[in-house]
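Okay, so chain A shows up in both of these, paired with chain B first and chain C after.
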Partner chain A sequence: MKQLLRFLLLLLAAVFFLPTLATILLSFYPDGQVGFSGYDELFFDCFRFYTMFWNSVLYAYVITALQLVVILPAAFAFSFARFKGKEALFFFYIILMMMPLQVMILPNYIGLRDMGILNTRAGIILPMIFSPFGVVVLRQYMKSMDGSVIEAMRLETNSMVRILLHAVAPQVKVCLYAVGLFVFAECWNMLEQPMLLLQDENLKTLTVFFSDTKNVSDQVLYPASVVFMIPILLLYLFFHRELERGLTLHETN
Partner chain B sequence: MKQTKKSSGKKHFLPLLLLSVLFYGVMLLLTLTAKDIHLARLPQVTASRLGNVSFTYLFTPENGEPRIATKQMPGIPKELYDSGQIFTVTTKVTDEMTYYYAKKISLKVDSSKENDTHYAISDSFFRDMIILSGYENLKDGDEVNLIKEEK
Partner chain C sequence: MATVKPHKSIRWNTKCLLCLVPSLLGLLLFYIIPYLRVLYYSLINNQFKKDFVGLKNYIDAIQNEYFRLAFFNSIKLITVCVPVLILLAIAVSLGLTFLLKKLRLVRVAFILPMLLPTASVVLFFRAVFGQVENELPLYLLFIWKNIGICIILLTAALTTIEDELYEAAKLDGAGGFSLHVKITLPLILPTISFSTLMAIVNSFKIFRESYLYYGSNYPPDYGYTLQYYMNNNFLKFDYQALASSSVLTSLLVAAIVSAFLLAERRYQR
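Here is the complex of A and B:
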């Protein structure tokens, strides 16, 4: 029974892995012949790819870094600060997290237009920094944190920054890595924001490159997909242990 | 067990870091050199507008004696015309760069006017850029690297 279950799970894993495997294999089979001509065309004929690749890298890393800076104090406040309406505000945060992106994109568009940062890098980065997802996850994680360390730190200093950096951050490090990985993946895969908020081709991301099938030859799509997978795969390999621990430790505690 | 996991994590950190640096390094290198590599692999051509050349020919005025006349006309090098490989240059401008393509054409020459090096062309208003060197293996529609453009 156990072996059957194992076989079924392996089969399921193979089904999930099949599209990725197909992408990798087809990237070496562009013109009905095995070779590197797809990669050759992508790297030496398709210069838009580089602009969009570096845009994706820039947006993903900057948003992830800034979002981690924002969510740590926000989650700390929701966990430990005492202020009126905290629970209501957190409830509002959860509601915000549940909202589909398509609902939020129009108010975002209007806000960015009125701020004059539509069609700029800031127009993509700014709304993404304040995503509620990380705050909600980190807050839940902080609930299981050892509060005595913070109390002990409070005897030494009044600086909230020092408390956050020396008492809180080391305890939630694993969760921060996990959230960071999720945020990076979300930013790396974002499509609607650059499509709707950017008109300048030089600011758009790789996901737009894939959706622009009119101007992109079929031959480069699979090789580009393989390159597109690498940064997120590398980051996952870096932090997969933290991701697993970040997702399970809270429950264990 | 925890210790083993941690040390195993540390063991993988350096290769992964090197792999990441290598990946982003290669991407950066390709970003900086891709256009140059692309251009270096194309046929290298020079092109120019056909200039006026002096042609000496026999001219017979109405009711007059034939005499030798000289006229400045656009001329095409004989070697180029005889090869049958006459290409003009067309351009396609994108955000990234300007692409040049060879377009095969046929030119009519005035058989009565020639000198040692050139044939006179019949269409005196022909002002397109003609590929003057590097045309040997070109085909219609090939992308070329215009290394020298003479006006």
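Here is the complex of A and C:
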């Protein structure tokens, strides 16, 4: 019985792995024969790819870094400050985190237009920095934090920045890594924002490149997909333990 | 906290509160104020005349056959895919934790889809399911894509259960299946409910997958979800239709999420 279940599980894993594997294999199989001509065409004839790849890297790193800077103090405030309506405000954060992108795309568009940063890099980056997801996850994680370390630190310094960096951050490091990886993957995969909020081709990301099936041939798409996987795969290999331990939810309420 | 003097404690509290300011300010500027303006847009006839028309835009949206189709398809996706996804994720997580403890590599197969760009595998799905003329490929894509986060959450919860609990239960004569029903399930119930919530929300995000899969703004009827309706109205600059459907969808999501969290809170008491 156990053997059978094990076998079924491995089979299922194989099925789930198949799309990834097939994409990699097919990238070496352009024109119906094994070879690197797909990669040749991508690297030497497709200069748009470089611009868009760079844009994807830039957005993902900048957004991830800045978001971590915003969510650490915010989650800390939710854990340690006492004020009226705290739970209600947190509830609001959860609801906002659950809102689908399409609901927010028009508000986003109007907001950016009136601030004059539509069709700029800042217009993509700024709204995503304040996404509430990280605050919610990090606050849940902070419930298991040791408060005495912070108390001890308060005797030494009055600086909030130092308390956050030396007493809080080390304790929630795992969760910060997990959220960081998650946010990075989210940005790396974002499609709607660059598609709808940007007109300038030079600012768009690789995901737009993939959705543009009219101008890009399959022969280039498979190798491009493989190159696109690499950064996120590397990050996962470095941080997979943190990802699994950092997303432990103690309670949702 | 007892050793801290009261006035100092107030100062400390103020400092803690200040930590929340950047996040709140950002939310206000980029989410809340723009949302309120959309709410206003949904109540006027057009951006130039700005006449107040009450609920007319909402009535138009509800009477629009494409809005109804999109709404129906989105709800169908939730009611069909989410239960399948959660049950499958529970089964896989139990298997990974209790049957394949040593083969950690196996879980990578399930977690990778969550991280990998959808764009890169859509081609493969299209090659395999290109001939299928119903919503099945989209549903499979959804499950494939979203099982990773559920498995991470569930396996994390499962590994925190102490072995002694199982040992004790085994001594009492419980075994195999009943062991999990009696011990494992109640302990991971909060995680199951959170995973379900995440899955429901992600079902609203399926647009990315389906847009790349169908490769256009006009998918076949069975693949036409709420996101397409909004996306297309956005491209047509039909702000009133978009504003009213955005508000309706946000209310739907807020209602689902609140009901879920309240039910959970009640259960925990």
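As a working rule, the second predicted complex is superposed on the first by the 247 of 253 C-alpha atoms of A that agree within 3 Å, B and C clash if a C-alpha of one lies under 4 Å from a C-alpha of the other, contacts with A are read in each partner's own complex, and residues count from 1 in each chain.
The rule is simple: contacts are C-beta pairs under 8 Å (C-beta built on N, C-alpha and C of every residue); 3 or more make two chains touch, one makes a residue touch a chain.
Being a predicted model, the structure only gives us computed values, none of them experimental.
> Could you check whether chain B and chain C clash or fit when both are placed on chain A?
fit
> On chain A, which partner touches more residues: chain B or chain C?
After superposing on chain A, more of chain A is contacted by C.
> Determine, under the contact definition given at the top, whether A:F238 touches first (chain B), second (chain C), both, or neither.
So A:F238 only meets chain B here.
> For A:L9 in the superposed arrangement: first (chain B), second (chain C), both or neither?
second
> Have a look at where A:E192 lands relative to chain B and chain C in the superposition and call it first, second, both or neither.
The answer is second: A:E192 touches chain C but not chain B.
> For A:V149, using the defined touch cut-off, is the partner it touches chain B, chain C, both, or neither? Pick first, second, both or neither.
A:V149: touches no partner chain.
> Identify the partner contact of A:L58: answer first if only chain B is touched, second if only chain C is, both if each is, neither if none is.
Neither partner.
> Between the centres of chain B and chain C, viewed from chain A's Cα centre, what angle do you get? Round it to the nearest 10 degrees, please.
Approximately 120 degrees at the chain A centre.
> Of the two partner chains, chain B (first) and chain C (second), which one does A:F47 touch, if any: first, second, both, or neither?
first
> Just the number, please: smallest Cα separation between chain B and chain C in the overlaid arrangement, in Å.
Superposed model gives a least chain B-chain C C-alpha distance of 13 Å.
> Show me the chain A residues, by the header's touch rule, that chain B contacts in one structure and chain C contacts in the other.
Comparing the two interfaces on chain A, one with chain B and one with chain C, no residues are shared.
> Name, in rising order, each residue of chain A that touches chain B in their complex.
Checking each residue of chain A against chain B gives 43-45, 47-48, 50-51, 53-54, 57, 201-202, 227, 230-231, 234, 237-238, 241.
> Given the complex with chain A, which residues does chain C contribute to the contact?
Chain C reaches chain A through residues 1, 12-13, 15-20, 22-24, 26-27, 29-31, 33-35, 37-38, 41, 92, 95-96, 99-100, 106, 108-125, 144, 147, 152-153, 155-157, 160, 190-191, 193-194, 197, 201, 204-205, 207-208, 211-212, 215, 226-227, 230-231, 234-235, 239, 242-243, 246, 249-250, 253-254, 257-258, 261, 264-265, 268.
> Help me check something: in the complex, which residues belonging to chain A touch chain C?
By the definition above, chain A touches chain C via 2, 5-6, 9-10, 12-14, 16-17, 19-20, 22-23, 26, 70-71, 73-74, 76-78, 80-83, 91, 94-111, 126-127, 129-130, 132, 135, 151, 154, 160, 164, 181, 185, 188-189, 191-192, 196, 206-207, 210-211, 213, 218, 221-222, 224-226, 228-229, 232-233, 236, 240, 243-245, 247-249, 251-253.
> Give every residue of chain B touching chain A within the complex, in rising order.
5, 9, 12-13, 16, 19-20, 23-24, 27, 30-31, 34-35, 37-38, 41, 95-97
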